[in-house]
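Listed next: structures, encoded as structure tokens.
What follows is chain A paired twice: with chain B in the first complex and chain C in the second.
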Partner chain A sequence: MNWEVIQSYLPLYEKAALLTLKIGWLGIAFSIILGFVCAIIRHYKIPVLHRIVGIYIELFRNTPLLIQLFFLYFGLPKIGIAIDAEFCGVLGLALLGGAYMAESFRSGLESIEPIQTESALSLGMSRTQTIWHVILPQAISSSVPAFVANIVFLLKETSVFSAISLMDLMFTAKDLIGLYSKTIECLAMLVIFYLIILLPVSIVGSIVEKKLRFAGFGE
Partner chain B sequence: MKNILKKIAATGLAAVTAIGIIGAGTALASEDADTLYRSVDEIIESGTINIGVFSDKSPFGYVDEYGEYQGYDVYFAQRIGEDLGVEINYVSTEAANRIEYLQTGKVDIILANFTVTPERAEEVDFALPYMNVALGVVSHDDNVITDLSQVEEGQQIIVISGTTAETYLVKNNPEIQLQKFDTYAAAKSAFENGTGVAWANDNTEVIAFAIENEGYTVGIDSLGSADTIAPAVTKGNDSLLSWLNDEIVSLGEENFFHADYEATLADTYGLDYEDTLVVEGGVIAAAEEAE
Partner chain C sequence: MSEVLIKIDNILKKYDDNVVLDGLSLDIHEGEVVVVVGPSGCGKSTLLRCINALEPIQGGMITFRGEKIDGRSKTITALRQKIGMVFQSYELFPHKTILDNIILAPMKVQKRSRADARKEAEELLDRVGLLDKKDSFPRQLSGGQKQRVAIVRALCMHPDVLLFDEVTAALDPEMVREVLDVILSLAKQWKTMVIVTHEMSFARAVADRIIFIDQGKIVEEGTPSEFFDHPKTERAQAFLQTFTFDKVEKEA
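Up next, the complex of A and B:
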């Protein structure tokens, strides 16, 4: 292990980590919004839309992110839609994540017994009030574990971004190995940088999980 | 609170384990380096040789429409297999992992249009050369780059990660922004889609690209030093290295690489480039050797 080498590569890894984080978090933020909207559409079987959403979810859950990125980055320009690599990364992650998030939210929504909706309605609450005050808080709390797992999964998926020329952590490591052949140092730094990014997410996630999991029963 | 502490302790432990594994890997890599490659006798005994080639770099190493490996490098690989009397297992490599494949013993020989450089020679052993090469830059017809100073700020040049073009530009033109791809196929698609003002690569490759695709011009056909391309083996694999050197010298007597050129490259380049590109019997023309 050569510490001088590690020190000289550090700025490049930091830059790469920031890019990974930037694209990762933007993609995840959009995937949460998208997943939430899709889950509501699916759960309440909104006509027409719920079929489209169903196709979208199956399409994106059953194809690899790499292929989705290839399609967005190399395929779309052929039909006249050119988007830059970073936007492509965010979009790919958001679409993939949206499909997974939708399923997690939906399982949360489905875990709520219908009798709760009926009771709320019979107490005179409106449909929106029922969803907002009765169903959603419980649904979100029960989908948190799957939700945290999705976030970690999506952050790890960013490692295929090298295919569309984004200098993320993975590509930076591969590129430096190709340039200077310091394999051990580059790979060690890669593992450590991923741990730095992902460990806090796992830790905060499990804390949030514990707090929210028992929201319904108070603490 | 206890649980959180536990969790932090557990993840800390995971991190320590990971670092431990890397450490162990380092130790193993350095101790076992001697046994990672196979001698000529071991290769013949096993009946199969593993040769790393490109699968997407036409016309040097590529997979044709029937799923067969073809090209200038592959033609040579085929002959190596015949003369050793073994089957060939082609391993598809990317530019950036060619050294890795040799150092970890995943292939016996790299025949993936591997340019000889002093930096690489520290990591692997090169045999005698079989081709000449320099760098070249291809650009779009409507904005032909004939000098690197024409590349304006904010414009990007495409390179493939792990190639000599990347090394050259990083070292000599650090002000130019590079857009890096990990495969030839991806770089080509991106360049065709209008990404980057130019694409820097081996001049053989950019000339072939401009010939095969309309709308592109090679504005710079020779950049940096004149280099050679040679087979590479794992550092220290002397038996295979000397076998390869003998093979290249004896193939020179039958003008093998000229035949190789005519079989694989003539369709793309015509016969004009034959004497410029081919190195026969491992002997480089005197003018270039002096450099």
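Up next, the complex of A and C:
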């Protein structure tokens, strides 16, 4: 292990890590929004839309991100829609994540007994008020563990972005190995940088989980 | 007799081909306590759920002060505010404190101020002896306490009628009493109530009128003493028989 090599590569890795983080978090933010909307459409069986959403979820959950990115990055320009690599990365992650988030959130919604809805309705609350004040808060807190798992999974998936020439961590590592053959240093740094990104997510996630599950419900 | 509050007119309720309520008619008057009894699966809980349109009906009509109750109509949320309901399984909102459970609907539905809703909630909680629990969460309370909170939550909306759906069926015997006492005190205040219960001695004490339902139809109705002491129909006699036990004669 050569420390000088590591030191000289550090700025490149930092830059790459920032890109990974930027695309990762943007993609995840959109995937959560998309997931919420899709889960509600699926759960409340909104006509027509719920079929379309069903197809979308199955399609994106059952194909690799790499292939989805290829379609977006190389396929769309063929039909006249050119998008840059970063946007493509965010979009790909959002679409893949949206499908996973939707399923996680839907199982949260399904864990709430229908009689909770009836109880709220019997108090004169509208459907929207019931969903907003009674169902969503409970569904969200019961889907937090799955959400955290999805976030970690999605951040890891960003490693395939190198395939559409985004200069993320994976790309930088491969590039440097190709140029200078300092394989050990490059791979070690790659692992450490991913850990720096992911460990805090896992730790914060499990704290939030505990808070929501117990403190929030009074134990 | 006082004004008719709820008019149930020849309603038909079925799940697919399974008829649950079969041409049932019933008037509930202002200030009246109607207790509905009958064997399990006779349709008594379904009847309550139809009254506030939690279940759609396939025939007949239910009106509240002359206004049709229909789950799909725009006025249903306004009507449901007038019809409070308490469930067997309490159905408090687990993510909210006791106080927030009670003031949620008054604030969001009736647009009352937090201070105003809170003041009333605290008064009502005090009346049922649970003021010290206002900042607790539902899971920290016993079943009987949860059910009293559920009653307070319904009362805080100032309903014209309260529906009780087997509210003591999930409780330990010792907790049944504390809940029934609250309902008895409401009866004294001339609250209109429709109560589905299996507690026969409570039914006798609280009811102005007993309705006995079997297989989706009203088989017999009358005052508590008429019904319990001199049931007219054989079906009611057989039903009441199930609540009495003869002393065991041990075999020789």
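The rule is short, and it goes like this: the second predicted complex is superposed on the first by the 216 of 219 C-alpha atoms of A that agree within 3 Å, B and C clash if a C-alpha of one lies under 4 Å from a C-alpha of the other, contacts with A are read in each partner's own complex, and residues count from 1 in each chain.
Everything that follows uses one rule, which is that contacts are C-beta pairs under 8 Å (C-beta built on N, C-alpha and C of every residue); 3 or more make two chains touch, one makes a residue touch a chain.
In this text the structure is predicted, and so the values were computed from the model without any measurement.
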Room on chain A for both chain B and chain C (clash or fit)
fit
Applying the document's definition of touch, where does A:Leu195 land relative to chain B and chain C: first, second, both, or neither?
first
Who does A:Ser162 touch here: chain B (first), chain C (second), both, or neither?
first
Is A:Phe171 touching anything from chain B or chain C once the two structures are fitted on A? First, second, both or neither.
first
In the combined three-chain arrangement, what's the angle at chain A toward chain B and chain C (CA centres, steps of 10°)?
160
Quick one: is A:Gln129 in contact with chain B, with chain C, with both, or with neither? Answer first, second, both or neither.
second
So, does A:Phe74 touch the first partner chain B, the second partner chain C, both, or neither?
first
As a test of reading the superposition: which chain, chain B or chain C, is in touch with more residues of chain A?
B
Is A:Asn62 contacted by the first partner chain B, the second partner chain C, both or neither?
neither
Rounded to whole Å, the nearest C-alpha atoms of chain B and chain C in the superposition sit apart by 22
Shared contact residues on chain A for chain B and chain C?
none
Complex interface listing, chain B residues touching chain A:
3-4, 7-8, 11, 14-15, 18-19, 22-23, 25-26, 29, 95-97, 99-100, 103, 119-120, 122-123, 161-163, 166-167, 170, 179-182, 186, 189-190, 193-195
So in the complex, which bits of chain A are touching chain C?
115-116, 118-126, 129, 133-134, 137-138, 141, 216-219
Sites on chain A touched by chain B in the complex
1, 73-74, 77-78, 82, 162-165, 167, 171, 174-175, 177-181, 183-184, 187-188, 191-192, 195, 199, 202-203, 206-207, 210
Can you list the chain C residues touching chain A in their complex?
49, 52, 54, 77-78, 80-81, 83-85, 87, 89, 91-95, 97, 104-105, 108-110, 136-140, 153-154, 157
